[in-house]
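Notes follow once the structure below has been shown.
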Amino acid sequence: MLINVPESVVADGLRGLAAAHPELTVDVEQRVVVRRDAPVAGKVALVSGGGSGHEPLHAGFVGPGMLDGACPGEVFTSPVPTQMVRAAAAVDSGAGVLFVVKNYTGDVLNFEMAAELAEDEGIQVAKVLVDDDVAVTDSLYTAGRRGTGATLFVEKIAGAAAEEGAPLERVEALARRVVTRSRSFGVALSACSTPAKGGPTFDLPPGELELGVGIHGEPGRERRGMMTAGEIAEVAVDAVLDDLRPSDPVLLLVNGMGGTPLLELYGFNAEVRRVLDARRVPVARTLVGNYVTSLDMAGCSVTVCAADEELLRLWDAPVATPALRWGR
Amino acid sequence: MSTETYGAAFAVRWMDGVAAAVEREAGRLTDLDAAIGDADHGANLKRGFAAVAEALAKEPPATPGAVLVTAGGLLIATVGGASGPLYGTLLRRAGKALGEAGEVSRAELADALAAGVAAVGRLGGAVPGDKTMLDALTPAVEALRESFAAARSAAEAGALATVPLRARKGRASYLGERSVGHRDPGATSSVLLFAALEEAAAG
Amino acid sequence: MLINVPESVVADGLRGLAAAHPELTVDVEQRVVVRRDAPVAGKVALVSGGGSGHEPLHAGFVGPGMLDGACPGEVFTSPVPTQMVRAAAAVDSGAGVLFVVKNYTGDVLNFEMAAELAEDEGIQVAKVLVDDDVAVTDSLYTAGRRGTGATLFVEKIAGAAAEEGAPLERVEALARRVVTRSRSFGVALSACSTPAKGGPTFDLPPGELELGVGIHGEPGRERRGMMTAGEIAEVAVDAVLDDLRPSDPVLLLVNGMGGTPLLELYGFNAEVRRVLDARRVPVARTLVGNYVTSLDMAGCSVTVCAADEELLRLWDAPVATPALRWGR
Amino acid sequence: MSTETYGAAFAVRWMDGVAAAVEREAGRLTDLDAAIGDADHGANLKRGFAAVAEALAKEPPATPGAVLVTAGGLLIATVGGASGPLYGTLLRRAGKALGEAGEVSRAELADALAAGVAAVGRLGGAVPGDKTMLDALTPAVEALRESFAAARSAAEAGALATVPLRARKGRASYLGERSVGHRDPGATSSVLLFAALEEAAAG
């Protein structure tokens, strides 16, 4: 691994982020990243955070048109409440703060505590829970669906609304609409290696794959022998469409887990598109790349958001962050 | 029936003992978490209890309750993940229940920890049988009314009993049937908590 | 691997690129990617190409402000002359075409043949050879320095000049200036796996690394036991500075080989910056990411360009491609 | 001394033989290239000679010279990399040297291939001893004046002799000293060319 010592990977990454992006204010000690011009007067602020190891999520999405602040936790470990409170205090202009929370027990509990503390400090806080991963059955017998690729859609679209001056309830409602209309499914072709463990978190022989994986190196729902990109696209798209029959053209994220070459990811996109075409689901916009990653895991995920016209307009709105940038 | 009481020094010894045990067993906890979670439970607790031990060494609070409140707050502030708020709440709530007393009995400690375990249940929404730390914590605080040793072995039995369970809470629940056959990392770290308690009580 | 069959990876990738990027015209059959609005009247056109497996290079850099056309070859194999001639014909507005060629025997020979053929068709062609990799001694005893990370600088800066309306000789001269002022050094922490071979192209045990690697899965100059990110940064930066003592603030590319997590890459950037600071080399701009990759290889490279004010202005000029986008 | 002559059918047979050999040996060529190059030499030549064989089967040219010109052009158009232009130039240049003749002698073939090899040298800037295909091609065309069998064994000897060399051209030159001890992939594929030539001549 390209690291100094496992203990410092998150701090080292933040130092490097600060060096590369003078347009961000990075508090390496407190692990808080905010846009340099925060708080933006009158603007609702968006704060997200989660375990590290999913870069560019979330710090790479801080900037005009998306997040105002991000709190990176340890690798695959949700951040602690003090980080979130600090971030909220740094970005709140008085218009309130939306916490974008991926649905994992740790993230939920820590953000919940942070929301209480922030409200004690007089900050108005709303929360949206992202739970798009259809590999997990949402039932009494699980912690509920995980938040994965849809987080990017939520942060971009709600961020655009906030940038336009929408009030907190409206930004929150839009974020929730994106969640309601988004589904994901992920596949691992290899395990990832965490710095703390120093090696793969599970044992996946080459030629086998895990269907329905999350983004924390946990094994998936099912192990299979090798499948072609076309077969994987069928499983992933059908898992998503089983749960969401979009009547609107969709936003499509074909996401790499980190270790899959971009060449393969584009090839996979071709197969995903083929399957969506066959299922008569029109695609309005496509994003292909490593956006919600799992360290060096080989694999991919498919996220679909049934985007109405307003969501599409907000998706197309200008954004200027380290990892997502257009329109300005 | 023992009438011994336990003060702040005892509570500090307990927390130091947990810190040492977690440091020693971090690899094992992480490996357990790798199998059905995300391979960070050992690192998480190591970070948290190291911070606790350091803070307590610097400025030891005057009462056992204050020790536990401080420890719980530090776990919340340094661990993150699911275990940070949960263990943090356990100790904070227990510490608060002990109040200002300078010395407490084992029975008082058991009552306080029972309040802590109840708070963990409310916070995380889990019940015994869900394959979480509660499977060790719940029988352990119950047995603590009997003795420190009984608490430790109840925790051990509880942790062992998580193996055949199917997880219904936390990250392991994502695995469904595939979580069966693995020991829960949080229940395993709870054993360390009660083993250290027994040792601290022994003096 | 996330593929259908090894034989179709390049075509599949191009189909997926076309599906994701309606702003590009992708000829999957002929393997030519050009910007949709090509030829742009009066504009000098830039065409590059090389083996596939280095994505987003080059097709991901096609668009306003950068390349007009790209020709992807087979994985790690230079494209063939007909591709380049087709691309040149598709983008030439009459103002001439600059071929950006990475210095590898295959690329050089094929582009040379293409230039002759294109000139036979009445297209004015200039060529710039990119050879920035200091791991290779430029002597009679080698094929000369390889072209790696500096290619991105050349394509961006010469592309900006062309977009501004500079004539062919000036675009060519600028491209050459970037080459003269740029140096790179790469390190592999793992081998990469090509689809054709189906496994790693060389054997690198975990815990060892190869210093001075290229981007085609070839081993490097020297194998070493594991080093920290800080030690690697020292070796890489010093190798570069041994050959180029920049008097101007530099453009810095901290490039991932594909399989190294972005978190680690940012951490590495922090170390690179530390070493540059210690050597009193000021950094004007930093780009961190997977831009000139080697499939799934873990590792990184450092590219430095001593940028005078004009180069910096052209670097900052608007660009709108799939992989590099700012200012519009 | 043989006075046999060789026509278009012979040249097609030769190219088909190379295609079959390259198909068979692709894995080995790629492995050799993986060691000191980029692991594509086998796939490159397979793709190229498959295109050659297919085109020749569809529309066989009338003269041996035209067969080689067609083959060389197709290699340039389909292979890419270093070997595409180099082998393409070898065959195109040799084919052109054979002119319009319907039948050619072995001596004429040797002269033509010598012209091809010279063109490869000019194009790639390599000389024998640089650890490239030239180390097999150069002695082979020389020996072809003697016999087809001599050409094949000269190619073999030349390819084997690349093992101790340090590469000075092509991708292997990046390795410096580390290229020593490996057999050059291009020299190895050149052996297939002359082995197929011998077989084609045998009828």
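Lettered A, B, C and D in written order, each chain numbered from 1.
Quick note on the criterion: a residue touches a chain if its C-beta (ideal position, glycine included) is under 8 Å from a C-beta of that chain, and two chains touch if they have at least 3 such contacts.
Nothing here was measured: the structure is a model prediction, and the numbers come from that model.
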Per the touch definition, the chains contacting both chain C and chain D are none
In whole angstrom, the CA-centroid distance of chain B from chain D equals 73
Chain centre separation in whole Å, for chain B relative to chain A (CA means): 31
Express in whole angstrom the distance between the two chain centres, defined as the mean CA positions of chain B and chain C. 53
Centroid distance [mean C-alpha coordinates] between chain C and chain A, Å: 29
Taking each residue of chain B in turn, which ones touch at least two of the other chains? none
Touching two or more other chains - residues of chain C: 75
What chain-chain pairs meet the touch criterion? A-B, A-C, C-D
Sort out for me which residues of chain A touch chain C in the complex. 1-5, 8-10, 12-17, 19-21, 52-53, 55-56, 60, 75, 189, 199, 206, 228-230, 232, 254, 258-271, 273, 283, 286-288, 290, 293, 295-296, 298-300, 320, 325-328
Contact footprint of chain C on chain D as seen in their complex: 30, 34-40, 42-44, 47, 76-86, 123-124, 166, 168-171, 173-176, 178
Chain D partner, complex, touching residues on chain C are 6, 51, 73-82, 104-106, 109-110, 113, 135-137, 140-143, 146, 194, 196-197, 201-202, 214, 216-219, 221
